[in-house]
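You will see subunit A twice below: alongside subunit B first, and alongside subunit C after that.
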Partner chain A sequence: MANIAAKRIKREFKEVMNSEEVAGGYIKLALVNDSWTELQGTIVGPPDTPYEGGTFQLEIKVPETYPFNPPKIRFVTKIWHPNVSSVTGAICLDILKDQWAAALTLRTVLLSIQALLSAAEAGDPQDAVVAKQYRESQQLFLLTARHWTNVYAGGPSAIWEFDQKVQRLLDMGIDEHEARVALSHYDWELERATEQLFS
Partner chain B sequence: MADYFQEMGWRELEDGEQPNHLLHMARFLIDFGHYDDYLTGEWPRLPPAASKEAVKNLQEIVIQTENKECPICLKKFQVNEKAKEMPCHHLFHEKCIITWLNQTNSCPFCRYELPTDDEEYEAFKKQKLRAEQRKEDIETLHNSMFS
Partner chain C sequence: MAETSEAKPSAPPPGGDAGEDDKRDERMLECNICLDTARDAVVSMCGHLFCWPCLHQWLETRPSRQVCPVCKAAISREKVIPLYGRGNTKQEDPRNKVPPRPAGQRTEPESAGGFPGFGFGEGFHMSFGIGAFPFGVFTSTFNFGDPRPSAAPRGTAQFEEEQFLSKIFLWVAILFVLWLVFA
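Entry: the complex of A and B
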């Protein structure tokens, strides 16, 4: 790894560790290997959002050309959000692409991703299905996002009705995550989800 | 007074130079109001490198106080160390800021923009400015009529 990248990541690591946000438990950063090229980020779901109470893991890959190019970040924890792929965890956030600036740091990037959970950018979606639900059935979107937070991120509120529907598909021998994805995609209509799964 | 062609950054083709059709098409669409995204939106990729001239003209200063750091490598400057100053007064190591400006034209700290050598991008910036002014003019007119 290029010298400047490794040196900068080390300095940033110290900065994050001494930050208020780490002290307050809002974000975390951990090393994955000795080479400083891969890190694990953690953010907690912001209050007054369906992600509240959840803990979300992020994979951070630092390119050789850092900080002249942005880090590559994706959600490892599955999440239901218009700007995050429900399949790959890829994030659509301008500062991770063409709005990157070399003075941004892992700390500011993690905080920006956390802010994205509070205020989605529906005009610039990463996941078209989630974005459509976000625009057209806000209530269903909030419940689905809360359900995913509960199941995958340790969030506190279980949605009983959704759990029941997932269980119905499990009983038919469908994989749990596949079942949840199908139901979420079809606005929790059991019949349409089943149809799609068996088509 | 600068004429319209000058203002738009237009010039005659050099001997043997081919017209940039994409650029002309973009201008045409903008002028006839068919290219709203291009006009109101953002540049769709990383803006181009700063112009050679602008990079060459960056001020060099000598660091006087402790505790300032280069926002690119995050290393603290030493007193008496040389640094480059952007017009927005942000300070960087020469190597750090030049690597960045060879890639894109703005201050990595505050996004202050330096000029570029990219004709298409400069045309886009001018159009955007004109669109904003036009919008302001319309608003002023509207307010004077209805207040």
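Entry: the complex of A and C
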């Protein structure tokens, strides 16, 4: 790994560890290997969002050309959000692409991702299905996001009705996550989800 | 935010308590890209400090989007100010040093003078000049870059005559070439 990249990541790591956000438990950063090329980030869901109370893991890959090019970051924890792929966890955030600036750090990037959870950018979606629900049936979107936070990120509020529907499909022998994805895609209409799963 | 001062695991750094102020002073002189103390320091018009090699690499990485890495103001190589500290005796503009990078530097040729048509004339001689009569004429007519001074000033009778002759020779030469090609 290029000298400047490793040196900078080491500095940033120290800085994050001493930051108020870590002290407050809002973000976390951990090393995955000792070559400083891969890290694991953690953010907690911001208050007053459907992600509140959830803990979300992020995969951070530091390119050799860092900090001249942005780190590659994706959600490992499954999340229902217009700017995050519900399948791959890929994030659509301008500072991770063409708006990257070399003075941004892992700390500022993690905080930006956290801010994205508070204010989605529906105009620039990563997941078209989620974005459509976000625009057209806001209430259903909030419940679905809260349900995913509960199931995958340890969030506190279970949605009883959704759990029941997932269970119905489980009883038919369908994989749990597959069932949840189908139901989420079809606005929790059991018939349409079933139809799609068995077609 | 909750007070978590007692939960801080790290012991004070060796060398005693350096003091927050000293630390802050040091950080003021850190390059915004490598986060190290700025070397060959330059400052942008928006007031942000960088090592010149770091800023140079940033500008090279995105040639189409030359913005300050901190505040995204427009930035350019010409509009940064080198900083010279007291310890710097040579006061060399860091922009004149070549930052380490893979691409080579392009140098301008020593002088732009010389005879632009020279090479052309040479080539002509090489390919055609095999002892046939009109070619002497031919080359002298076509050697545009021939540095010999023009024989006669414009407007005189001699000038007109030379022009006439050179036109005749040109036609002879063209006919000869056509003959060579089609014969």
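By definition in this document, the second predicted complex is superposed on the first by the 199 of 199 C-alpha atoms of A that agree within 3 Å, B and C clash if a C-alpha of one lies under 4 Å from a C-alpha of the other, contacts with A are read in each partner's own complex, and residues count from 1 in each chain.
Criterion: contacts are C-beta pairs under 8 Å (C-beta built on N, C-alpha and C of every residue); 3 or more make two chains touch, one makes a residue touch a chain.
Computed from a predicted model, the values in this text were never measured in an experiment.
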Joint occupancy of subunit A by subunit B and subunit C, clash or fit: clash
Touched partner set for A:20, first subunit B, second subunit C, both or neither: second
Per-residue touch tally on subunit A - higher for subunit B or for subunit C: C
Subunit B versus subunit C as contact partner of A:7, first or second or both or neither: both
Subunit A residues contacted in one complex by subunit B, in the other by subunit C: 4, 7-8, 11-12, 67-68, 98, 101-104
Sites on subunit A touched by subunit C in the complex: 4, 7-8, 11-12, 18, 20, 23-24, 65, 67-69, 98-99, 101-104
Of subunit A, residues touching subunit B in the complex: 4, 7-8, 11-12, 15, 67-68, 98, 100-105
Subunit C residues touching subunit A - in the complex, by the definition given at the top: 1-2, 4, 7-8, 10, 32-36, 48, 54, 57-58, 61, 65, 67-70, 72
Contact set on subunit B toward subunit A in their complex: 42-46, 71-75, 96, 99-100, 103, 106-109, 111
